[in-house]
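Just below is one structure, and these are the notes that go with it.
For clarity, chains are labelled A, B, C and D in written order, and residue numbers in each chain start from 1.
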Amino acid sequence: VERIDLNADLGESFGVYALGADDALLSLVTSANIACGFHAGDPRTMARTMAAAIQHGVALGAHPGLPDLVGFGRRALEVSPPEVLDMTCYQIGALHAFAARQGQRLHHVKPHGALYTMAENDPAIAAAIAQATYDFDPRLILVGLSGGRLTAAGRTLGLQVAEEVFADRSYQTDGTLTPRTQLGAVLHDPREVAARITRLAQEGTLIAVDGSALTLHADTLCLHGDSPDAPHLAQIVKEALEAEGVAVCALGAP
Amino acid sequence: VERIDLNADLGESFGVYALGADDALLSLVTSANIACGFHAGDPRTMARTMAAAIQHGVALGAHPGLPDLVGFGRRALEVSPPEVLDMTCYQIGALHAFAARQGQRLHHVKPHGALYTMAENDPAIAAAIAQATYDFDPRLILVGLSGGRLTAAGRTLGLQVAEEVFADRSYQTDGTLTPRTQLGAVLHDPREVAARITRLAQEGTLIAVDGSALTLHADTLCLHGDSPDAPHLAQIVKEALEAEGVAVCALGAP
Amino acid sequence: VERIDLNADLGESFGVYALGADDALLSLVTSANIACGFHAGDPRTMARTMAAAIQHGVALGAHPGLPDLVGFGRRALEVSPPEVLDMTCYQIGALHAFAARQGQRLHHVKPHGALYTMAENDPAIAAAIAQATYDFDPRLILVGLSGGRLTAAGRTLGLQVAEEVFADRSYQTDGTLTPRTQLGAVLHDPREVAARITRLAQEGTLIAVDGSALTLHADTLCLHGDSPDAPHLAQIVKEALEAEGVAVCALGAP
Amino acid sequence: VERIDLNADLGESFGVYALGADDALLSLVTSANIACGFHAGDPRTMARTMAAAIQHGVALGAHPGLPDLVGFGRRALEVSPPEVLDMTCYQIGALHAFAARQGQRLHHVKPHGALYTMAENDPAIAAAIAQATYDFDPRLILVGLSGGRLTAAGRTLGLQVAEEVFADRSYQTDGTLTPRTQLGAVLHDPREVAARITRLAQEGTLIAVDGSALTLHADTLCLHGDSPDAPHLAQIVKEALEAEGVAVCALGAP
């Protein structure tokens, strides 16, 4: 690994409800995935987050989710591929407006929570998200699980894709994420996270829950924004990467 | 009056709930104001309505509203101008995506229901809607009440505006619409509507509720889509205009 | 079969959106399942529907659904049993208030759409709905698919239950309903429906999609309220039952 | 003043979004106003808050609000009195269910935010809230602004009412609250709050923004739950009252 992007999910506050350490994370990451009002976010929050992301010079991405505010988009919903196509289209457009009014354009798309997982489990859902992305702007980069169905669907359409690895999530033997409903799904120990990232940088592998080594291509690393220790963890990951001589820069940057 | 646009509010169905005679109206009008998911509409409905509007070759417009589905956006909400700016931005962007994916772009913006009325009553709300429109795309045409605050706010920013007259609504002496909560706000008699439109075409005036004649500039005539007799009324209005030799064509058409 | 209840899902309008032939159905059925605002319905609609149901003297039931208005509660959502317990509790209470203010009480509970199906597929979901019902009022009757998991869960808690058969839905060989996403899930031919109901009254059996005869206990027959031909179909069913000498009366009626 | 109730708005979290220091406040107040899912709260949050309130032995109250989650129910909405009647009925019933399933019943009703203010400004809104409360259970106590329209509307129906004074809000000369949109609406200085409460306990007066003394009857004092210093402020107020020999106990307690 010579270079890598660091991304975080941002703008996940809603109305009076504040969530995430957006300001601290924006100083550390190179890409922002901004919530679009379905699983989190609202127009005011999107406007503020977009303005902050532009100010920090990070790559601007849409983070569309399922229409489930009370469940934060983490509960699978039996939506059809055409419904996914249209809800993704809607959310990309809504976020685009906040970039466009500042003379900017979106750079990537990464689905949120259960929609991300559903895309990795179902090629038709993956294809719908890829199609919505392509139809809106074929220059957009589609972010999906490393080695998974979403990036495969993006490649089929000719989209540039980014293989994503999660710095603070544990992996199953088959390369999928441990579901959030299971214990140990989210890693909180900074040293463990740093060790995993160092190994990933050196060997391109990650240890799964059964101890086996997964070979994973990593274009971008996800740092979750909604845990209290997110900024500290992001700092640890960044230092671990720099210690290995990996350049941290946005996807597609020169 | 030599030429005029006919517009209708479309795409106001929601999920399984069907509303409006969209197909019939699309054959009669020259401009479609498409709901954006706040007061009505949802991504699937927006996709279908946009596709139908493109097929009929009508001008494509955003119809942003207040976030009040159960009230159909007809109940005034005490929102601040920055909230209006951002919610309008969001909705224009969301609808734009459905046009963009078919290689089209939006042509105009017309706020819905209580948001429209609030803009006519409050210059700061009018300015926020005009600003959101301008920031998204300064080529967009802003539609507002003939002689009112919204078109004034649009002109201040250098936007092209369209003065709107309502074919099936009664007017107060001061040129504002009779509120929907009052009896006689909506006109249902086709002959009365036709007579009003003929007079408007001939003399540029409309009779207010007190019998006085209002001089109103009309760039576009609104035909409501959510009443059962809407297509019939639209037909009557179109015939009355054509009988007077008024060309019915979209705003800005050559 | 000596006696049977006829039930229909009512109050599924929302705001300006009208759905269902509630008035016509209220003259034909003996039980009303009233939507509670999650998949359909809103406070005004609930108030009106409750008043009409009381006026018609039908048994008053809660019809709780998933929080998915745009999907009309027909899309499975990965909710946990405690979430189902609490959302069912909330909805029963909300509807109860409209009965209580007229000095009435609720008589039964029947979940809607995907929540109903999820309960039949997952004993933990069935148990949660039964528990919410029991905890609110142990005199409530729980309605579920004939021979299914929901009525089993109700019996386990000591609730009175009602085995439901769908007059206008086709059945799989295992006694489950054909999913709505499949062709032929909903029957529209009045003669076919009448023939099925006659057979059910005479022999207690229903023909499944593969031609086999299912033996089904029927305490109550469901007539869907959201199809245009619902009142006609209800009339046909009622006549078929009466022709066989089956008394049509509410569950638990003397 | 010989005795007084201390109340706080609780259960205003939503989904993953945490708001308020509910646990700390429950140890200090004698009455809980629990959000009902319209301006804040959701079924899980309501269940947890109700369980905690019962455990602390405080009086259980419904805190109905406007259907405006993104605005936290603080933006006036042009709802009709019948709409207010039904939305209040709905919310009281929904919360009641969580009390009923633990063998408890609701004790009081206090509207939230803009709905509270709208009731104080408009007798028809006040009457609708009072009617919904009375119709659900005439034993419920209705809480409103001291000397205001809501308690007047409650008395007209024969409801027991409680005159409320806000410990941490500034007052206009006419006895109304300074709107939240104005500077100085919310008081944060514990010493100032304590001095105001001491004066209220000694003389039954509160100093308005222009320095004049308002004579206010206080059955209950509101302590806001959504500010970070709420528990500290509640402690200060309680001590100030006890220093003056005022008994802090729930409304209607023996």
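The criterion applied here is as follows: a residue touches a chain if its C-beta (ideal position, glycine included) is under 8 Å from a C-beta of that chain, and two chains touch if they have at least 3 such contacts.
Just so it is clear, the structure is predicted and the values come from calculations on it, not from any experiment.
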| item | value |
| --- | --- |
| Path length in the contact graph (chain B to chain D, fewest steps) | 1 |
| Averaged-CA centre spacing for the pair chain B and chain A, given as whole angstrom | 39 |
| Multi-chain contact residues (two or more partners), chain A | 70-71 |
| Arrangement of touching chains [line / ring / star / complete / other] | complete |
| Contact footprint of chain D on chain A as seen in their complex | 14-17, 19, 42, 69-72, 226 |
| Chain A partner contacts - residues on chain C that touch it in the complex | 67-68, 70-71, 75-79, 114 |
| Chain D partner contacts - residues on chain C that touch it in the complex | 37, 43-44, 46-47, 82-83, 85-87, 89-98, 100-101, 132, 135-137 |
